[in-house]
Amino acid sequence: MNWTWFHKWGSPKWFFQKTEALVLWFGFLCLILLVVGTVWGLAFAPEDIKQGNSFRIFYIHVPSAILAQSIFMAMAISAVVGLVWRMKLAHIFVQVAAPIGASITLLALVTGAIWGKPTWGTWWVWDARLTSTLIQFFIYLGIISLYQSIENRDTAYKATAIACLVGIVNLPIIKFSVNWWKTLHQPATFKLTEAPSMAAEMWVPGLIMLVGFYLFFAFAVLVRMRSEVLEREKRTAWVREYLEKKNVL
Amino acid sequence: MGNSSAALAAPCAPVRAGDPLLDARGITCERGDKLLFDRYDLSVKSGEIVQLAGPNGAGKTTLLRSICGMFDAEIDTLIWRGIELSSPLEYADELLYLGHMAAIRPHLTLWENLSWYTCLSQCSDMSKLPAVVAEVGLSGYELELASSLSAGQKRRIALARLKLVDCRMWILDEPFASLDSAGVEMLCGWIQDFVQRGGSVVYSTHQPVDFANCESRTLDIDQKPWGYNSESSSGSKGESFSEPAR
Amino acid sequence: MRGGAFRYEFLQAYRRRSELVNPVVFFVMVCAMFPLALGSNAQLLAPLASGIVWVAAVLATILSLDQMFRQDFDDGILEQMELSEVPFYQIVAFKILAHWCLTGLPLVILSPLLAMMLYMPSESYLSLIVGLLIGTPILSLIGAIGAALTVKIRRGNIVLALLVMPLYVPILIFGSTAPLMAAEGTVPAAQLLWLGAILVLMATLAPITAALSLRANIYGS
Amino acid sequence: MYFDSFADFIAMGGHGTFVWMAYACFLMVIIWNLISPVMRRRQVLESARRYWRRADAENQPPSVD
């Protein structure tokens, strides 16, 4: 199996040129999906019997919670790739995905709290899943403050990658300990194993929103990575051409 | 204390070369257990360059800091432009002290660093800023963070202050450190035309420079740290061991 | 000219805000740790809530004090400040204000969120916020004196904490009992007035004292 | 449309405030994730422009790494 595609992705110039069109596609698609999902979830989907209309928060709470977990997973994988093959792009991905992950986790926390008010009666409940998400949010903040306080760029990359791996090791432990502690939260709705227990027209907009969220993450991370690549490679000739083409010079 | 300078004339008033500017008698400095200076006298006339040469640890920096009020030295009499003062801080706004460290804030840009300095002292104006930055050779770096600049460039920012603030006396602590040859030339030129305009410069250096057309004096500071010291007059050497009189 | 000096102090603090805001994240984490440790039933946490928030605020301020003068001292900026015509104690006051804006103010803004997490009764939210609004500047002012005294000590952080902690005790007592009194319905005027009095006292004395101790350190180097 | 009138759509059977608050936070997060990279990009382009302007001023050949 040839690894050329893998190493091709390693070169920032190749990455920059190949993602020129990709970014626009991701942006466009995610816009459509999010708009369709939101309108469908808000206006057309039926309300839940028990929870009434506050169930509509499901369409942003659950996708953001799932996305927050998978962003951290993606950061961990990229950290391993960056450390083992010393690929700058992988390090850039870890550094760039951290703030997006933090904002999505914050969104999951806030929408969870807002959803909890009508259903459980209080804004915040020290429940297993909410607490582990809160701790994961702190891990994100830790990683962000780590790479902001290290001047030298390369040590910052390595340090962030290692901090990310330490975070990923801790996540199952946190989940396990917090589950042991106490739980009010209902079991997972989206199980990859069997179809969700809800009616079709209730979880389909949820699925659209989930895919929309993933595309939005891809769009946001690519836009940020492209600027970081420009910053890193600003002394090279191809960046100079790009700047002239964009008449920035 | 504090730096009120009401008693003195307007700080930026012009002055004739030659009349005495600073006359400090009986400077006694101790650092740790070393007696660096015992009743050392230093007098500087305006329009004169005083270079302090000597081995490391001889006390050059301490002497400079004590005459600009940064070091707690006991000075018997201190006369500044004919007026007796109690502490060097009282004429602090008529002199410019560049310490060993280039006093630059790494988190501010070059422009912010310099405009902060101008807003610190009255007789300096912002209009000269662009010209000074160009003269120092950092014209493209105005918006760069000072932390991203090299030690030599930081030293040049510190030197830019010499052009920004017009005052009577420059006290420079090893100004040529981490400067390239062009920088050294530039600084020597500045010192010469500042002295010709009536200012005076006291600075410590390891390679004394002989200035052609202005009055310059080199003091050899090589006090023995363990208390042997010269007669009270400046510059001459002697072996007499005298109890550090208080 | 005076206002200009503050702008640069605030600009420098703002550029280094990740260093100053980290203690605020520490503050949130400490408050989140208590329910995890003590279990999460409301009857247990409600009376403790204001005490937890105040202790966390004090610890967070102490953590952030070390950075107040250390960098400027090492760069030789403090000497130039002292030689300048702007009185030294004013610049020190500006530095303390800039430090408070980036550490004390976020604490005050986040405190209702944490009070909610600790099941604090809703009547005492206001007195907690007002108490913190008056209290955190005092913490910064007293802390500035400690930071100025320990600016040259390499491992100054612990010495600073030991120096400043006893001075924080009265503020801690007044601050944390105010919400408790408010929870019983009475207006905690006494505590807040005392905090205000201490604030005025410290606002006048602390900058001058900090300037003196910084000058002593500059002279020594 | 699940709701019969627009006013009913806003009220959402009493839960409207919570739903709209949640979607407001959703919108804020999306907007922050759009604005922050744009500002970062402008900052990067600015520093690159300053870099090349200095390089041209001293007309050194740009070092290619």
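We call the chains A, B, C and D, going by the order they appear; numbering starts again at 1 in every chain.
In the analysis below, contacts are C-beta pairs under 8 Å (C-beta built on N, C-alpha and C of every residue); 3 or more make two chains touch, one makes a residue touch a chain.
As the structure is a computational prediction, the values presented were derived from the model and not from experiment.
The interface carrying the most C-beta pairs in contact is the one between chains A-D.
We define each chain's centre as the mean of its Cα atoms; on that basis chain B and chain D are separated by 51 Å.
Centre-to-centre separation between chain A and chain B, using Cα means, comes to 57 Å.
Chain A and chain D have CA centres that are 15 Å apart. Rounded to whole angstrom, the centroid-to-centroid distance between chain C and chain D, based on C-alpha atoms, equals 33 Å.
If each chain is drawn as a node and touching chains are joined, the picture is one closed loop, every chain linked to exactly two others. Chains that are in contact with each other form these pairs: A-C, A-D, B-C, B-D. Residue ranges of chain A in contact with chain D, taken from their complex: 34, 38, 42-47, 51-54, 56-57, 60-61, 64, 99-100, 103-104, 106-107, 110-111, 114-115, 117-118, 216, 220, 223-224, 226-228, 230-231, 234-237, 239-240, 243, 246, 248-249.
Across the complex, chain B meets chain D through its residues 139-141, 143-144.
Within the complex, the chain B residues that touch chain C are 2-3, 68-72, 89, 92-93, 95, 97, 99-108, 112, 115-117, 119-122, 145. Contacts from chain C toward chain A in the complex involve residues 18-19, 21-22, 25, 28-29, 32, 35-36, 40, 116-117.
Residues 123-126, 131, 134-135, 138, 141-142, 145, 148-149, 181-182 of chain A are the ones touching chain C in the complex.
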